[in-house]
Amino acid sequence: MEEKYFEISAEDLKKFVDSMIKDNFEIIAPMDRDGDTFYGKIGKFDDANLDILLPKMSYKEYLLPKTETLFEYSFSGVDIDIKDGIESVEGKNRKRVIFGGRPCDAAAGPIMEKVFNWGYKDDFFNERFKNLTIVSIACEKPDDYCFCAEMQLSPESSHGSDLLLKKTGDKYSAVVVNDKGLELIASYLNLFKEIAKDEFPPDKDWKKIFEIEKAKSFLDKNFKHNYFQDRFLSCIGCGICTYTCPTCHCFDIQDEGDMKKGKRIRNWDSCQFAIFTLHTSGHNPRNTQGDRYRQRLMHKFKIYSEKFDKYLCVGCGRCSRNCPQDINIKEVVKDLTELASA
Amino acid sequence: MEDKKEELAKTSGDNDPRIIAFVCNWCTYSGADLAGTSRMKYADNVRVIKLPCSGRIDPMFIVEAFKKGAKGVLISGCHPGDCHYISGNYHSRRKYAIFRNLLGFLGVDLNRVEFSWVSASEGNKWVHIINEFTDKIKSLKNGSNDIFKK
Amino acid sequence: MANIDEKLQKIARDLLESKEVSLIIGYTGGSHPQRMRPVFITKPEDVGRLSFNRHSVQDLAVFLKKQEVKKFGRIGIVVKGCDEKALNVLMQEYQVSRENIKIIGVECNGVIRQDLADKGETDLSENTVYDKCLMCGEHTPILHDYLIECADPQISMSGDIKPFAKIEELDSMSSEEKDVFWEKEFDKCIKCYACRQACPLCYCSRCIVEKNVPQWIDTNFGKIGNAQWNLIRAYHLAGRCIGCGECERACPVNIPLMLINGKMARSIHDLFGYKSGLDVDAKPVFGVFSESDFNDFIK
Amino acid sequence: MKNIYLPKLAEIKEIIQETVDTKTVRLTIDNGSIFFLPGQFGEFSFIGEGESTFGFSSSPLRKEYFEFSFRSSGRATTGINGLNPGDKLAFRGPYGNHFDTSKMKGKDLVFIGGGIGMAPVKSILEYCLDERADYGKITVLYGARSVGDLLYKTIFEDWRKYKNTDVVITVDPGGETPDWTEKVGFVPTILEQLPLKGENTIAVVCGPPIMIKFALKSLEEKMGFDKGDIITTLENRMKCGLGKCGRCNVGSVYVCKDGPVFTAKEIESLPDDF
């Protein structure tokens, strides 16, 4: 579908959200909690905090929940009864809308979709993704940790969003990217005013401070390099970077229950944990934290782009902001580009 | 084995609350045995799990018992000075003094966790403790309970 | 400020040049002026990067548990008073030996909370520092080979702010109310185990959550799994936690872990008169016992 | 909508105690047979204790059953270890690539296995033996730490019955028993003594990393094998087996999906991440 452009006043936006809530939509938006902002279900428009640059965590959990039941089992004698978990995928037939997320978070969905549909189709992910409508708001002022422009996106990118809002003064310009977006606003069209394409504010020219391809060229050639071991001595392997990341998707499969019944679940996992790759024999292919951080960099900037033609990073900078030891991935990638030209 | 754990801990209702007792092999278990061989009658809600020493009773056992549905947990060992391994019960006492505070702080009703010293000759005391503990658990509101329950 | 940095750098240079240590762990400037980050110096010519100020929040003792760091052998480490207590516990528990550690102590009158610093806070006051700083009894590191005096003035206390007041508030609640409070807090947990990794004293090579025969702690992110993990983490640190607050600072979902740690420390002090990290020669509180220990809770 | 993580149930027909801690489990699937190729693997689970990854160790041409061998060590394997014939096991698969048998046809073959690494080798070996006429001379070299650690002891003689087939069994020095009549020595050492040449021969190697390393060295440097003619399998910790969970990759290669079978030439181009 061709993109459509609209305008909506701040007041009408509030009405738009409140009427969606009234119509039983589940609206997930940035909300204040204990002095920080997290994505959560809002009860009314005013619950949302749309001024914050980025919530502390991404909304990845609405695509890949922290814990997901793959199937349930129960025993009777030697017989095992298995109940398929896909029948009850939460989010199925559900009117769930992410409202007020940022373009970086929105871009994460289509990136993750690649790995979940590579060879085998993971319908747990697909169902959730299909049933999620994403209304993003373009950033006006990215902060020092952001590097979406370097990651082939921009603070105003509509990639991955179904509807992108841009604030101009006291009103918002909206671009409807696809049918999903159009469907969402269909019942509330009276609040929106259609405008021509050239009335829509053009994207600014966002400066890049490094070329990501250069970092990749370094990673291509240097699997073993002192940089990894030295730079990440300060990494304590806490895994916050992976847990707060909108694109990190690694998981663990575990059985939980007793001898009568239980379920097989998948949980978030992190490549930063030593146990992640530990063999039963005691051998660990990634034995040092340097190896493990290198894996994260490789996966994001080399492996994923080779396999799926996209970088596994949207440049949101959460891993840097939340790192207790202040490892700044933007600086790290910049280092890599400099090492590549050295 | 898992199967048995579940069975042991299962509570059929408020009137029949399941209580798990972790006891030491040398004193309390013998005491309970004495109560049995002396044909003393006491509440049948308790399920006894024998361990070598009260020092062996890991706090995770208590959590596990609650998780599997127990309504009360009793920990019992030798009187101070009587430990078969000389100091196991002293260590256990320190450990549980603190663990009890932690449970309480996190919202577990401490009426549901009981500690006692019962020697091999105190069959009477065992009967008394079990009956009293069972009555106490029965008097508690169901659900006014812990964060480990499903 | 510059004065402190110069002194630090001189000490570090001397230590590295004389080959007394092969690695210095210290602080250097971070992502923005209100952030510091750890730095690992192995060459005397790099000591210029060392720095210390009121934003040096990290407890560098955490790195001593890393295999990659242990390989360096003799290590010099920059510590604040609170961080040094972690060293004491590590020595008490034979994890590091005094001979292999050169302690560069820095007097400290408080560090600014990182969440505030990220928003631009630079003033040192009772409203901007961590609770641990308000009740700090060790502004000067207990053990040190070198000592650098403090550049910041002592914080004046109005008495309005009571550190860890929430502990008393919780103590006075009923168990149902506490249950509700903690259920809400633990519900946020995403089990990233950052609290464990950030803790200088969580050094087990295989943590209890990684032991799966049997699986003691549920792996799920549900109510039980989260509560179990937070309970056992606190318990494994009872009598050992020195209150550096790294777990709480690291927690990406802001669970008030220091309330639990603080409660444990208070209980242990009340019952056994013991405070961890103050005396290298003391026996760990759970390693010893007294015949006259608290017995009131046992029938 | 399909749940790719949903296992099928298989019934245990037979359990063979291979060594003190190693068993071979022979399974039949509840409804119909499964189609797999030698070298592929499956996710086997004792439901309630979790999944474990094992390569198939039987020939896919023997359709009445399929089997795998495992050593009891972790949570899932301890669970499987406690099962008896008649019990149910959950299974998902087959996954991964397989040995390229079309490339092997008409050539001489040498199969080299070490310890429990013999399991995937057995699958391809028996596959070739089942269609014996398609291949040239077959040499099997199997070594373990000690006599007690040898798997498949009962079927060595079956292999020897085939025409033009040499079976060489060896144990590490010190691992022999007084009545041991076969070879004593490390696998690479014994390998170099065999009358093998690199021409028109394909080698299949599987075993512990250290054995693979030295066996590859012997084959390439001393016996003149081309790197493309040496086939081996990699292993890494796996959870999903489907290329999703993100832990088994070696560089850009997902062992579970792009592997586990690689030629020595392919392995050479991979980073040292295994």
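Chains here go by letter, A, B, C and D, matching the order in which they are written, and residues are numbered from 1 within each.
The definition used in the following text is that a residue touches a chain if its C-beta (ideal position, glycine included) is under 8 Å from a C-beta of that chain, and two chains touch if they have at least 3 such contacts.
Computed from a predicted model, the values in this text were never measured in an experiment.
Student: Suppose you hop from chain B to any chain it touches, then on again the same way; how many hops at least until you reach chain C?
Tutor: The fewest touching-chain steps linking chain B to chain C number 1.
Student: Does C-D or A-C have the larger number of C-beta pairs in contact?
Tutor: Comparing C-D with A-C, the pair joined by more C-beta contacts is A-C.
Student: Report, in whole Å, the distance between the mean C-alpha point of chain C and the mean C-alpha point of chain D.
Tutor: 49
Student: Please work out the Cα centroid separation of chain B and chain D, and write it as a whole number of Å.
Tutor: Here the centre of chain D sits 50 Å away from the centre of chain B.
Student: At what distance in angstrom does the C-alpha mean of chain C lie from that of chain A?
Tutor: Each chain reduced to its C-alpha mean, chain A and chain C end up 32 Å apart.
Student: Provide the list of chain A residues touching at least two other chains, using ranges where the numbers run on.
Tutor: In chain A, residues 252, 254, 258-259 touch at least two other chains, as defined above.
Student: Which positions in chain B are in touch with at least two other chains?
Tutor: 2
Student: Quick one: which residues in chain C touch 2 or more of the other chains?
Tutor: Expected reply: 215.
Student: List the residues on chain D that touch chain A in their complex, please.
Tutor: Chain D residues touching chain A: 1-7, 9, 45, 47-51, 73-74, 86-88, 90, 208-209, 235-237, 239-240, 242-247, 249-252, 257, 271-274.
Student: Once bound in the complex, which stretches of chain B touch chain C?
Tutor: Of all residues in chain B, those touching chain C are 59-60, 63-64, 67, 80-81, 87, 90-91, 93-110, 114-117, 129, 144-150.
Student: Note which residues of chain D are touching chain C in the complex, please.
Tutor: Per the touch definition, chain D meets chain C at residues 50, 74-75, 78.
Student: Going by the contact rule set out above, which residues of chain C touch chain A in the complex?
Tutor: Residues 30-32, 35-40, 58, 62-63, 66-69, 115, 118, 190-194, 197-198, 206, 210, 215, 218-222, 246, 249-250, 252-254 of chain C touch chain A in their complex.
Student: Which residues of chain C touch chain D in the complex?
Tutor: Residues in contact with chain D: 212-213, 215.
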